[in-house]
Amino acid sequence: MDEVNVVTLKDVKLKNPIMVEGLPGVGHVGKLVADHIVEELKAEKIIEVYSQHFPPQVLVMDDGTVRLVKNEIYAHKAMKGEKHDLLLLVGDYQSATSMGHYVLASTFLDIAEQYGVKRIYTLGGYGIGQLVEAPSVICAVNDIRMADEMRSYGAEFKENEPGGGIVGISGLLLGLAEVKGIEAACLMGVTSGYLVDPKSAQEVLKVLSDAIGIEVDMKPLEDRAIEMEKIMARLKEMEEAQTDVPGSFMGGDDDLRYIR
Amino acid sequence: MDEVNVVTLKDVKLKNPIMVEGLPGVGHVGKLVADHIVEELKAEKIIEVYSQHFPPQVLVMDDGTVRLVKNEIYAHKAMKGEKHDLLLLVGDYQSATSMGHYVLASTFLDIAEQYGVKRIYTLGGYGIGQLVEAPSVICAVNDIRMADEMRSYGAEFKENEPGGGIVGISGLLLGLAEVKGIEAACLMGVTSGYLVDPKSAQEVLKVLSDAIGIEVDMKPLEDRAIEMEKIMARLKEMEEAQTDVPGSFMGGDDDLRYIR
Amino acid sequence: MDEVNVVTLKDVKLKNPIMVEGLPGVGHVGKLVADHIVEELKAEKIIEVYSQHFPPQVLVMDDGTVRLVKNEIYAHKAMKGEKHDLLLLVGDYQSATSMGHYVLASTFLDIAEQYGVKRIYTLGGYGIGQLVEAPSVICAVNDIRMADEMRSYGAEFKENEPGGGIVGISGLLLGLAEVKGIEAACLMGVTSGYLVDPKSAQEVLKVLSDAIGIEVDMKPLEDRAIEMEKIMARLKEMEEAQTDVPGSFMGGDDDLRYIR
Amino acid sequence: MDEVNVVTLKDVKLKNPIMVEGLPGVGHVGKLVADHIVEELKAEKIIEVYSQHFPPQVLVMDDGTVRLVKNEIYAHKAMKGEKHDLLLLVGDYQSATSMGHYVLASTFLDIAEQYGVKRIYTLGGYGIGQLVEAPSVICAVNDIRMADEMRSYGAEFKENEPGGGIVGISGLLLGLAEVKGIEAACLMGVTSGYLVDPKSAQEVLKVLSDAIGIEVDMKPLEDRAIEMEKIMARLKEMEEAQTDVPGSFMGGDDDLRYIR
């Protein structure tokens, strides 16, 4: 096994393709959206990427079989009314090493280039440390000329946000794509950062659908968001019941622990 | 010294060999089983593996001599009634670096391939965070066709277990063996995760003996399990005596500290 | 992307150039000074350095565009009355890996050599763990013959300071420059180490201006120092108000938390 | 700068040389002894070793000059009555990375081989976590045939000690020397592990002097030991004064904090 192994499962020709990245990250927002699109569009897996930079483990499936941690690229051919073929980058984990983020981002961009990708969307969550009242999607671009277009899809640009920059693959893809002359935007669903957030994922999906011109059923994400809200309501109750207990370690609403 | 040094001590020809890996891990279950088999079968050491990925230290033996941290492969020729020669992979430590797990797993698979290994068993513990009432062995495979056979040996498949995947060499060997067309199963003794667990090791050994068709004396593991139970009984007493002490940091039964 | 990518933006010929390094560090003293000089002298960017050793992230600008973490080298041609052209090394971060510090320092020295640099100044802060009463600038050199000259610019040499050595790029540039026969001095503004310290930066700038024979407006740094003093005064008040609160986690004056 | 840079300062021919390693470690015992020998024998520096595996920093000398972190090898030619020339390996730090320990140990062994070294002594401290009543020196060897000889010099072999093996360069040199057919012993002064321990260093020096057949003045180490005992007496007093204070974080005699 090499530092990175790219396994091409199927040779496809794509017209005018857009790459969409949705790997695990803050609130799993990007992963929820990208996995959802793969499923709804019945996209076809064409590439698997293995790497020594991923965590050294296998995942165990429901039937007891295992598989190596990997990232995958799915292809979707434009259907009637759609303008772009899609390359969807999804997976189990981002790099487990600092340098590996650079190595893997470069690998994905080489693949993008090879398929003639001219635009990339990376998806993520922007954790604000408290429960989100009004959902919104923050945007960053690697080419200022994309900004107005992104706004027209409902994404917002806010000064000083995200203040700490964009960490990991979603950020590096934008930065490194610029060098290759590929335009790229990162769509970040505002989220608490403490919980997997299907509600925030819905917001990101709305903006992205507009941007890439697809229509996907939101229902599964809605269902999951409702379920998550029930869990949160229950947690709130538990907390309120506990507020009288001296020495309790759980804080207020803004302080929920990370739940997947 | 290179990144990995494979030192072949003896040239052996093996017929129909199965590889069994039992390196240190949760509850030292895998290591207990594999070391026990090496001893009981008087297997012969044929390979030593040294690596810069192991912890940078030497171990000191009882007589004051030292040796480098290493992994070892022992060979056992099938005796009357046995169908398979065995390659037993044992050692002091797993990799100390994240990438080293991949590097070493690849090394061991190259060795397996070289000896014509068609099946690998990796052994480990599955820590559940509380004392285990009824011992059992959880299984994962890299080929679904192995599942029924494994069940026939007494191994169980449980949905969502182990939920976090299989970390380290026992997992990676399964994942990477698949690529090489070698079938592999991981046998995980359910264990608290806080203690070295010879009782869980006995359970794994039962399943494995069936699977590879060997008979080994369980007595030494039984003795060690009895000894461990005495230690645990004493710990329980100590804890009960302490429960009245305010500010005590020891928890209940489920919270024993790790003891080797 | 390679381990280090040096992108030359513009070919310039420099006469008698001095290199000045001011990357982020203790109190951001070095960065404040070097960024200030770049701005005041309207120096021209000639080189960008990207590296897998930098943190794997992009920074988001005010307009929503991103850029990769990088270090930059600006050139300033000597104006009337100045004796030296300048190469100013500034940037977002130092290396995120231990070995990367060595790799990047070597890269910068190769660049320095290429431009015929004979002297380097590295700038930093020397954190003393308490608020600084009388500002001063500590110096270290890689050639004892520079010591008296440095003293003449107002820098001080104190035995056993800094006791822990100089960590990171500011130190390594001195150590590695010696091997190449380039003389180098590190100017360290004494600072608390808890706050970004524009006041300490002013002191360093005074010494450096003398040393390299430039004149730059101090006003912007002064303004920022005044602003910072207001913040500190407010913090003091808050602390004094809190001293009666039992269980308060904030300490006295010497214990301010890090504020940027 | 490469991963490791070996700079030979002087070409010497050595007869029957023994290598002695004393780099920083537990209680700085090894470093105290080796530095002391270098000084007392007025050994001559012949090699400097620089590496990206050392901490990325420079040390600042009393006169304000800096130098890179390094390891050094000094040579001592046997004087009248001495049987062996010596190669003394000393320095500022051990490797800062796990793999670097292996890389540097290999480097030092290559040097040893090159000079025809047939025996190596590595020096260290064995931390027992409490103040040491009767000083002693524990030994480990890479060849059992050395054991009796070591005992004759006053070193002791104790079963299960050191239990955790020997971490870092002092251990790896023994383990890796074995492969090259160089015999090696590690002399470990028993020490609390909390303090720099010149008293333990004296004990190690006694054993080593016997082993390598040199005579060195113990006075400087004795003076330092007396000084250290005064510091410890003062600490004891402070602790006794504090034992009545509720919430005090300092423990009893066995719990002194690390002081250099």
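The chains carry the letters A, B, C and D, assigned in the order they are written, with residues numbered from 1 in each.
Throughout what follows, a contact is a pair of C-beta atoms (placed from the backbone, for glycine too) under 8 Å apart; a residue touches a chain by one contact, two chains touch by 3 or more.
Everything numeric in this text was worked out from a predicted model, so none of it was measured.
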**Request:** Would you kindly count the fewest steps from subunit A to subunit D, each step being a jump to a chain that touches the current one?
**Result:** 2
**Request:** Using the touch definition from the top, list the chains contacting both subunit A and subunit C.
**Result:** none
**Complete:** Residue numbers at the subunit A-subunit B contact, same meaning over half shared and different meaning under half, come out as different
**Fill in**
Field rot_deg for pair subunit C/subunit D, CA superposition, rounded to the nearest 5 degrees, holds 90
**Prompt:** Which chain's centre, taken as the mean of its Cα atoms, is farthest from the centre of subunit D?
**Reply:** A
**Message:** Between subunit B and subunit D, what distance separates the C-alpha centroids? Give it in angstrom.
**Reply:** 37
**Item:** subunit B and subunit C, separation of their C-alpha mean positions in angstrom
**Value:** 52
**Asked** Which residue numbers or ranges of subunit C touch two or more of the other chains?
**Response** none
**Message:** Output every touching chain pair, sorted by label.
**Reply:** A-B, A-C, B-D, C-D
**Request:** State the interface residues of subunit B toward subunit A in the complex, per the touch definition above.
**Result:** 95, 98-99, 101-103, 105-106, 139-144, 147, 157, 159-168, 171-172, 174-176, 178, 186
**Fill in**
Listed in rising order, subunit D residues that touch subunit C in their complex are 1, 52-53, 55-60, 62-69, 96-97
